[in-house]
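A, B, C and D are the chain letters, set down in written order, and residue numbers restart from 1 in every chain.
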Amino acid sequence: MTTGPTTAADSGGIDRRTLLKTVGGSALAVALAGCTELLEDGEDSLADADVPDEPIESGLQTFTEGAPSVLGVQAQYGAETAVRRINENGGIAGREMNLDVVEEGGAYLTNYQQFVDEGKDVTFGPISSSGHAEMVPEIEAQEVINVSTDGTVTTLYEEDFPDVTYSFRFQNHDVMEALAAVMQAVEVLGADSIDTYAGINPNYAFGQDEMDLFSRGIEALTGAEEVYSGFPDLGTGDMSTHITEVNGEAPDVVFSSCWGGDATLLLEQGHANGMFDAVDLLVGPVLYGSANDLSEDLVDGPIYSGSRNFYWGEPSTDQWSPAADLVSEVEDEYGVVPTAHFMSGYGAVTAWATAAEKAVSLLGRWPEQEELATVLENHGFFTPAGYHTIGADHQGYSNAHFGELTWSDDHDAAALSDVNVFAAKNVSPPPGETSADWIGSW
Amino acid sequence: MLEHVLNGLYYGSILFMIASGMTIIFGVLGILNLAHGELYALGAFCAFSIVGFVAGQVAAPTGPATTIVFGLVVLAGSLAAAAVLLPVGGALEAAFIRPIYDRDEVYQLLLTYGLLLVLTDVMKFVWGPSPVDVGVFSAINEIPTTELVGFSYPSYNVLVILIGVAVFAWLAWFFDRTKTGRIVRATAINREMSTAIGVSTDRMFTLVFAIGAFFAGFGGAMVSIGPSSASLGMGLSWLVLSFVVIVIGGLGSLKGAFVGALLVGVSSRVVTPYYPQLELAVPFLLMVLVLLVRPEGLYGTWGEIQ
Amino acid sequence: MLEARDLRKEFGELRATDDVSLEFGKTDGEMVFIVGPNGAGKTTLINLLTGLLEPDQGSVVVHGEENGAPVEDDITGMAPEERVRRGLVRSFQIVHVFEEMTVRENLRVAVLSRYDKTLSMRSVDDSHEEVETEIDGLLERFRLTDVQDEVAETLPHGDRKLLDVAMSFGLDPTYLLLDEPTAGVATREKEYVIETIVEASEADGVTTVTIEHDMDLVKEYADRLVVLHEGAVFREGDPSLLETDSELRRVLLGVNE
Amino acid sequence: MSRFLVERDGQTRVRLSEGMELTKSQSVLAVLGLVVLFAVPDITRLTSLSFQAIHRGILFGLAAVGLNLLLRHTELVSFGHAAFFGVGAYGAAVLASHFDVSSGLLLLVGSVLASTAIAVLIGYFVAGYLDIYFALLTLAFNQVLYAFVLQSGYFNYSDGLSVRPDGLNPPTLFGLQWTSSGYDLILYYFTVVVLVVSLLAMWKLVNSPFGRALDAIGQDRTRARFVGIPVEKYVWIAFAISGVYGGLAGGLFALLQLHVSPEPTLYAFVSGEILFMAILGGFGTLVGPVIGGVVLVYLLIQAPFYVEYYNALTGLVLIAVVLFLPEGILGSIPKIGTGLARRRSDPGLLREDVATVGSSLRRGVSRAVTTVRIIVFGVN
């Protein structure tokens, strides 16, 4: 296996010809990749397809309010942006797309059922991993495709539901970000300098999954020893106990999958309690999800964050302008810097829309759910984040980003510098192997 | 260990500020106010607007002296934010709570739950659905406190503990030493009595509810200027914890709420590192224990057990 | 026979019951009246006998007979409902009835309880014939037939008192402890209330222990008189003591030494 | 008169069995209710109403019927009924995911056994308490359970457990594996049967001597004790029975959702909701809690699809019930009926109503304004 980041040229630096070839020259696919300027006038191959006139109805469930809306609203913006771009380009095979958004909190199953009752053609979301796990069998039973934005627990498709038809997940799963965190830590400190590590993770399946994978990874690569692992409540108001314990142990690396308000709280209380003097490095896969809520003094210190499958500065802008274009569009439209959760929404819609279009061009008519699901398997497509595939396991695979948390005066928000891009194959197991087995074989 | 105890005192102080209002309202009005957590959240949101505004009016702190000035400005802003709760609390009492004093407690629960839901959406309407942060936490931590005695601990936590004690002292003084406070206490014991001495019970009740709301809001402001943000739904878990505190301390007892809050705060913080799986359960186990051994609570006087 | 043996109960510094030893029901259907100034410990004594309070010291004993031989049954520490099953029944100074039930329903609860049918799942309305017959009898004896379908909380005070006592009779008491059955009853109704109770007790041979402040009633109906003062038995004997014992009268009038 | 019709108080009543009689209008309502219940799947197919939401509402309503045994009869406010609902749901989930039990009925038996056991245990501790102490103690036990499940790997933390014995398919019902929509339909009709039987059982219970004894305990505990009723024991039994209803509802909920996680089943606020359903529907009636369940659940899970401020909508409905319909929805029907009849015969009353509402609104506003003025400017 390869550790360490791949070069930008490997992953994102891509020329026009390759792009057009890969996406099959479809106007929609190019538009969603953010490259409309690449389009040349040409005939629309789908003009003759037998497609109904009525618009596509779709539903997104996400966290629209309260503490988790830090992530959820980004996903909503992302999905809305993708839908807007689709409609600006004449829809999918001529069909406009409508998107309804509903709060997901505690109502995953009923939301999905309600969407199906309302006759939605496709549903997106949720953010919550437990909500996603709850929904998968229902999705299989109702047979209406759902592309989950997040809900990234690794075991979902590896163990719990290894054989699904209609349920997909766009965003990178936990193993990718936990291992990216491991490799980032090794790169910054060097394997020999990491003897001890600790974790502060939210107390639910996601946090436990991430910590478990990080532990396996860092122990395999460095032989480091865990000195403390705390699981504060999700959405807690106080983490001082855990920080005090970490300070007492002074580990080389602290790993935290805290997100949203928890991430801000960790950094606030970490600074206040001198945690960044006590430890050499904090790596947090989703700290950057709170980019718009962090202040300049909070990002000060040896703090590295992941940014899942999208960081707006990557692929670096001189070669790949779609990401930069997207940032300015989102800043103009919504007044925020898009984070990886923006891409969760954007990419989930894009995955489905490009697959739907591909299916129409293959079949010459609008596909049935089952046909569309078949096309989505092993489907490859571009977003401004670069190239993505949906694997045969229904999990989305794309590059994982990690970098040092810094401050950007230009955007008046947190930013990442020295971003490392980890190719999916370096941070996730090959098809058919579970993450735990794969890491165990290092 | 000392730091864990301090963490517990800090946590307990916040708990006390919220629970104090709840216990006063219950003690005098006999209402278990389920909307109390939303009053707390409202205080947090008001602090975002008001503290955010006043802190913007003063220069960012540069030295020890200016940090103290900055701290005082933030404190004044927090008090102003909590003061918003005075008319809000008073109006809520007058419009919604007053008609149901003589009704079964189940109606009181249902009505205050209805208020909880409405208040949530009022805040959603005013401040939007996403969390908001005042962003003065790190500046407050610049205020020199424990460094003066050669020990490093966040100044914000120290100040919260001090303010918690001050709130308790003020409330104790108010109810023990002032005429209004004594009349309120007399009203709590016997509603006819205050009517007999020519005091309007209505006005007393409104005052008490407003004071209770004020301290809930002040607690919210204290949290909001701290490391956390103000967000919708932030009141729920604190509401449930406030129950725990006032039951442990004895319903209606101010001293009980103070001791109960510190007990819950310190025990949960000290236990967590050793038995992490108990972090959530400790307060409730404590409550069950107290209720079974001493159902009227530590300082309660009127446990109605046969 | 019901016996209080060296009963003592303290509330903090106050000794409300001070080593009281008494026997009730030496003869069948004996009517004992307990008198004493306020705070003499009358109600506390009844509470100790019926199990609402537990004594700090001493015991409550029921004397009975088994195969012709006398047996003692120590009921100290026994729950009130268990004592009720042994025939030890009471009423309260402040009326305790089931306010939202009708008179008939109130009595039904008592009679069902006595027949040990409160766990039954049969319908209450018309399936327990012996219970309904007995309720009819009680209604008649306590002159409540006309108001049997009235809800208890709407009754005049005298009827509520009677209902309270009627429920006690519905439990088929051996010993009936009445805490001021005429308290709050208008003077002209007092005689009527106490007369009704006396008639019923005599008919069933029930031993009654009654706390009463109206000395005229005491003189008229008492078989025996117990005077409590500061928690202890001050005098015990014939009701004529009320006329003859000047020290007793001084105590009862509350003119303290 | 036939075996099923009796005369009582000059009215003809429908007699179902010993002591279970309905007046004419009640019979009509009952038949109508049954017809509506059985027609729900068709009604929801033809309208935009949500079948799932109604089904869920009925299940929470069933739990509220159990709670109402305590609330209406022993007059005890339980703020911890989610404990039974949640334990019932987890009872089924544990059997399905840890023991691969595939029969839906067996899962339900597991639910009821588990919740009864928990109710017996908690009931032992709380039976002697009254008023707010009873409410808070039940709440505390509820939260201890919640915290325990949330922190336990056996229950899979906050993610919860699936109720799909083979990992993908729902349990069997009546020995058969159904397709998804067939399963939902069969389960719904099964729920209706369970509901009707449970209501009849509850009706029988509250009209039995035991029911009267519970009433007696609720109205005057001391007197109940001194008519020989073992108060704590009976409250304990009632608590356990109430737990059976909660467990049954929770078990069916698990079969419906096919996934059980702590927050929607065990959290303290679920307890509150179950309590509020009983009040909303009318806790003085037998069937009211079911109606309250359907209405509140419908508001809570469907309103977000239609209005942005759905919390406020639900809140206002609840406040309106407290202030204007204290008997709850079902309890107020007779009053509303007579009120409407009077207004039909005398339209002048309507004008008075408007005047009353207007003046009470004015009073409320002016009171609030005065209060604010006093607080801000002090008394002058």
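Keep this in mind: a residue touches a chain if its C-beta (ideal position, glycine included) is under 8 Å from a C-beta of that chain, and two chains touch if they have at least 3 such contacts.
Worth saying up front: this structure is predicted, and the values here are computed from it rather than measured.
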Separation of chain C from chain A in steps, with touching chains one step apart: 2
Remotest chain, chain A as reference, centres from CA atoms: C
Averaged-CA centre spacing for the pair chain C and chain B, given as whole angstrom: 51
Separation of mean Cα positions, chain B and chain A [Å, integer]: 39
Cα-centroid distance, chain C relative to chain D, in whole angstrom: 42
Rounded Å distance, chain B centre to chain D centre (Cα mean): 32
Touching two or more other chains - residues of chain A: 203
Multi-partner residues of chain D (each touching 2 or more other chains): 150-151, 222
Chains that touch, pairwise: A-B, A-D, B-D, C-D
Touch list for chain D against partner chain C, complex: 18-20, 204-205, 207-213, 215-216, 219-220, 222-231, 234
Residues of chain D defined as touching chain A within the complex: 48, 50-53, 56, 150-151, 156-160, 162, 164, 167-168, 170, 180, 257-259, 261, 263-264, 301-302, 304-305
Touching residues (chain side chain B, partner chain A) in the complex: 3-4, 7, 10-11, 14, 124, 129-131, 133, 135, 137-138, 141, 152-154, 156-157, 223, 226-229, 231-234, 237-238, 269, 272-273, 276, 279-280
Parts of chain D lying in touch with chain B, wherever the complex brings them together: 71, 77, 79, 125, 128-133, 135-137, 139-141, 143-144, 146-148, 150-152, 221-222, 268-269, 272, 275-276, 279-280, 283, 309-312, 314-319, 321-323, 326, 364-365, 367-368, 370-372, 374-376
Residues of chain A touching chain B in the complex: 64-67, 69-70, 73, 203, 230-233, 235, 237-238, 240-242, 244-245, 260-261, 264-265, 268-269, 271-274, 293, 295, 297-298
